[in-house]
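Following are the structures in question.
Next come two complexes, and both contain chain A; in the first it sits with chain B, in the second with chain C.
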Partner chain A sequence: MFFFLYIIGLVGIKSISTVLNAENVRIKEAVSIKIGIPGGLLYHRYATFINTFINELDIECIFSIETNREILDMGVNSCVNEACLPMKIFHGHAVFLKNQCDLLWIPRIMKCKNSESICPKFCGLPEMVMSGTKRKEGVIDYPLYMDRKREVRHYLKKLSENLGCNENKALRAFKKAVISYGQAEKGIWDKEYPFIIFLAGHPYNIYDKFANMNLIDKLHSYGIGVITEEQVFDNNKEEEIKHLMKRPYWLFYKNNYGAGKYLVRNQKINGIVYISSFSCGIDSITIEMLKNDIGDFPFLILKIDEHTGEAGMNTRIEAFADMLERRRIH
Partner chain B sequence: MKITFPHLGDAYIAVRLLCNEMNVDCIVPPLNTMETLERGSRYSPEEICLPFKLMAGNLMEGIENGADTVVMVSSNGPCRLGEYGELLKSVLDKNGYHADWILLDTVQAIGIRELLKRAGLVWGGKKRSKLKLLGALKGVYKVIHSLERMEKEIHFRCGYEIERGRLKAILYKCKKDICHSDSINDALKIIENYSDKVKEIPLDREKNPVKVVLTGEIFSLIEPFGNQYLEDKLMDMGVSFSKRITIGWWIDTTFVQPLKRARMMSKKNGFLNYCIGGYAKDTVEEVIEAKKNHYDGVIQLLPLGCMPEIVVKSIMPDMAEELDIKILTVVFDEMNGEAGYITRIEAFIDMLQRRKQHVLYGY
Partner chain C sequence: MYYMGIDVGSVSTNVVLLDGCLEVIEEIYLQSKGSPIKSICEGLEKLKGKYDSKQISGVGTTGSGRNIAAAVTGADIIKNEITTHSIAASYMDAEVQTILEIGGQDSKVILLRNGVISDFAMNTVCAAGTGSFLDRQAERLGIAIGELGNMALKSKVPVRIAGRCAVFAETDIIHKQQLGYEKEDLIAGLCYALVRNYLSNLCKGKEIKDKVFFQGGVAANQGIKKAFEDILDKEIIVPEHFKVMGAIGAAILSKEALENERKKTMFKGFNILKGKISTDSFECQDCPNHCEVIRIYSNNTMIGCFSDRCGKYQISDAKSKI
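Coming up: the complex of A and B.
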């Protein structure tokens, strides 16, 4: 008899405690964490991916607005002055989100798919932002090695811990995001214009309309269509970098150099426009290598920085368009 | 086959001795001058960092003096140094300086076998005794280390000197003599002689000079032309300073104890927890060490546009505040208006001096 009572008592305590625990869990989930995602740097390229991932996770999220003068000014004030324009813009977005979110998501991309890197500043981005914006707490700053599956899982595990959601849910969301990114249309390839040029550069310079002062629309208005490096297959790019002494270890060097050379060699374009931010270390090498290797070919380099004087840029684009026109006639 | 190589501080002394010992024809390009920089920057891309421009100038002069093979080191980090070889070849070829290239890459990038094969190419296909090579390498290693030990001693003693300028004179005379010596043993003897002389210089032990740590980007630290002869200026000012990043340190961390470095790189220090390429993390650790060892200030040197050091520069205000140490960042490029640098460094040293004497205002 006592034995039965004892067992019933045990079960009762256990059930009560599980109910309590469940409530605890529910309370934990109910405290929603607001995550802030700065809309700078690689957000321009991976917007589909990030949006799907956040949607699937079902967490509250705040995106920064499109880059504008105010954001740039905030960035310039909070960033170290030797950094390049995209870095300053990213700082501006971070300052914009600083007081509106619980967690600020700053990706620290150490290695890309085939162990390429992007730029040392990407590896030190969280430190730069933390010291620039004076926000030391509540920053997601763990390293992301995309060349190793285990590391990506580790990243997701940590992320789900911080966001207070299930790890499997995060994994599922990640997989869905990868699929949706794979299906999404990437890059630009205009076919209805008389001229077509290869618009080279980093995605954050190409797609940020404020930073590049609406470059793509300007080119269109002169009857120049645009093709970007995403439209060239990876194996074609690989083919073009084979003759180099050393395999390039920067993702955007490989992409721009490989795609540019492939398009020139197969005569798919009339010219190249390279949009580059001032004091970009990677572009300083890519531009020179590309220029030396393609020989006599129309090549326009546009440098952008935080001084937004538009007239100089307009003149140069116009001159380039005239030059393409004359090349066709003669 | 005649090899040439770009300058990196006093590395040419060691390379020349090694080549002499192993009977390899080697052409040492003239030391860096304003002319070297002008020639280099004429053909280099506009926004590349200063070391590239100097190296391009060196190699042009080396090839003009009759060299036909260039030996370069390379790296695999996200820093620009790894792509130097490729771009230098492209730039020099375009301007009519043709040469064969031997790129000594890191083990992680090409594997140890390929590295040894490439290093073997330096000997020009001739068979040479491996024992002799090992002996020569050991000797050169010894030369570098003893020279650096002496240099460090001089840098430290500078602040305590009674008659300013004598230690500096000894250092320069020693380097000049080594350049004229023919064998490793001679060089070692010369260094030993001069080390004894250093100890004989009278010092004022009552003095309390300003103590500074030099840190930053590795090329700017090692190559005196890259930092506008900053060390000489500090010696003239009577500042006692230390510089850990030298060629000997580089050889130690890259070849002799790579595991130790890997372990150091994985340690977290609270300011910059990950290795981001270049020597950024080392710079951060230098500052922490400087505080531990009671130095008064830190001078960070970097060439314009150096990517890893920019990250460090952005953390510097935090570090200065948290560790209570003064940090000066000096950026170098090919415009060498010397007066600007001197003013800033003098002002920094003056500020440290005043802080030391407990002046309660003005810093």
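Coming up: the complex of A and C.
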């Protein structure tokens, strides 16, 4: 979940605006505070939850738009050069929102699941964004531990306070968000295509159509359907990582390696396409280990970065589709 | 009855003509020099005098500029370079199981089992260890690119050079040059560095089985071939038409496709050279993506359009899938 909140409290008379500190927001009058929610990184996974929660609070809110070239350009200009593409895109969304909201929600995600870690860039995201976008205040930057429900509830309670909502309302919104997230269809499992591949990678690379240059539609146009990691049960993934020398503690590692191996071993797929952002540390290990462990099996790695030329990606997808087709005939 | 294959790559544009028995009868290798349309026309110009448009029974295009080439010539099939390279290689020798291909901007390895691609890998965003990298280093050392291979073979003690990244390699070469190493040894070192980098990037975990074909422009370099042989401890075969294998594959595929579908070629004929082929590009302002759209015109009629994400500028009969 990503919460970026910039707080610029516009209090009372419109011309007087007071910048509120995220850690200590005091609402003097019943003024609505507008929250800005960047649609980057794990927003792609938790959109249902976030949207329901915000809706239920019934507050003013602005979402960033789908990623496009302008967002990417703004992100590239405001982010440290070494960061990966999704981080830059997130920065772009933050820049897009920064002058349109009072509070910018930047989730400092510490953990997604019990005993599993997430990329360290998530833990320092507020600092990165604040420094890159030059907005040092009006940011919701407190840490979010998603491994425990209580912690999430606590986080959201605090957030609601900053937004001027009372505790009961926040609790109700939280409950509804949990339910709607639980009911929402997660991931993709195409059934009506001649081929099916496991589309591996981080959710923000899989679901951001701009970043991955419309990868899923491209695969579909070659008659290749897609299954994603969310469609594989957690215990199946766990089973696949049991033999490893050491328990991997990266969440994205377990999701991709575990699901990939399960699907290959149970002959549910014709191939694997791994979409990975250039310089991703977790992927560098996941890809190699998965490749090593599945033997002679079609595996395509697509690296994405800032370039917008699609020729390289089209060539690889087309060749991969040809390979699947010709392997089947022979 | 002839089949034409056109491979428009980043560095070179190749045109081949195969006869009905798929024997290579014309082989043209041209520098793209950043202007693919011009070099395609140049290639066609060379064939125009000798052959009649009616003699061309099929056209296939490949390479990163395959869509442009298809728009200009009216191709029957547009195929990626991985498929065409493997088609050509397994046609030349059915026992080929591994293809090492190094071109101007990409390098790839293709594994064939029973003539079918079973796996392939292509370099990612980095162009270290490709032809353009060698070009640059040859230029820096003041040697013609064609000489590089022969000089490398003269070396007795190849110098160890870092091959991970083109920029680091260059720094390393400058250091070693200043220490006084012979040019031959530096170049041989460079060949080994390139091969090591290629193998660790692309061939990790892949089983390199005989026969091994080495093709693409860089296969002209004997130094690289020797480095592959030393490191892999295998015989490396450079096929006769190594520079134009992609184009050959495209021509073969055009024949296959037309015969399967019992269709006639869509080749526009050599007359296209009489008309004026021009391009224009503009940044579309209709949405925030600001695509840089390129349009190709022949005598002021649009014959192709590229790089628009939403596809709204495409002409309806475009054969390209994406």
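In this text, the second predicted complex is superposed on the first by the 297 of 330 C-alpha atoms of A that agree within 3 Å, B and C clash if a C-alpha of one lies under 4 Å from a C-alpha of the other, contacts with A are read in each partner's own complex, and residues count from 1 in each chain.
We adopt the following convention: a residue touches a chain if its C-beta (ideal position, glycine included) is under 8 Å from a C-beta of that chain, and two chains touch if they have at least 3 such contacts.
Computed from a predicted structure; not experimentally measured.
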Checklist entry - Looking at the overlay, what does A:311 touch: chain B (first), chain C (second), both, or neither? => result second
Checklist entry - Who does A:319 touch here: chain B (first), chain C (second), both, or neither? => result second
Checklist entry - Thinking of the overlay built on chain A, is A:82 touched by chain B (first), by chain C (second), by both, or by neither? => result first
Next on the checklist: Contact-wise, after the overlay, does A:292 reach chain B, chain C, both or neither (first, second, both, neither)?
Outcome noted: both
Checklist entry - Given the touch rule stated above, what does A:119 touch, chain B (first), chain C (second), both, or neither? => result first
Checklist entry - Is A:280 in contact with chain B, with chain C, with both, or with neither (first, second, both, neither)? => result first
Item to check | Partner chain(s) touched by A:253 [first = chain B, second = chain C, both, neither] | outcome: first
Checklist entry - For A:222, is the partner it touches chain B (first), chain C (second), both, or none of the two (neither)? => result second
Item to check | chain B and chain C contact sites that coincide on chain A, given as residue numbers | outcome: 278, 288, 292
Item to check | chain C residues touching chain A - in the complex, by the definition given at the top | outcome: 64, 79-83, 106, 114-122, 124-125, 204-205, 287-291, 307, 309, 321-322
Checklist entry - Can you name the residues of chain A that touch chain B in the complex? => result 79-80, 82-83, 108, 110, 117-121, 123-124, 127-128, 131-132, 143, 244-250, 253, 278-285, 287-289, 292-293
Checklist entry - In their shared complex, at which residues does chain B touch chain A? => result 45-49, 74, 76-80, 82-83, 85-87, 89-91, 93-94, 101, 103, 105, 109, 271-272, 274-278, 280, 304-305, 307-308, 310-315, 317-318, 331
Next on the checklist: Under the definition above, what is the set of chain A residues touching chain C in their complex?
Outcome noted: 65, 68-71, 210, 214, 218, 221-222, 278, 288, 291-292, 296, 298-299, 301, 303, 305, 307, 309-312, 314-316, 318-319, 322-323, 326-327, 329-330
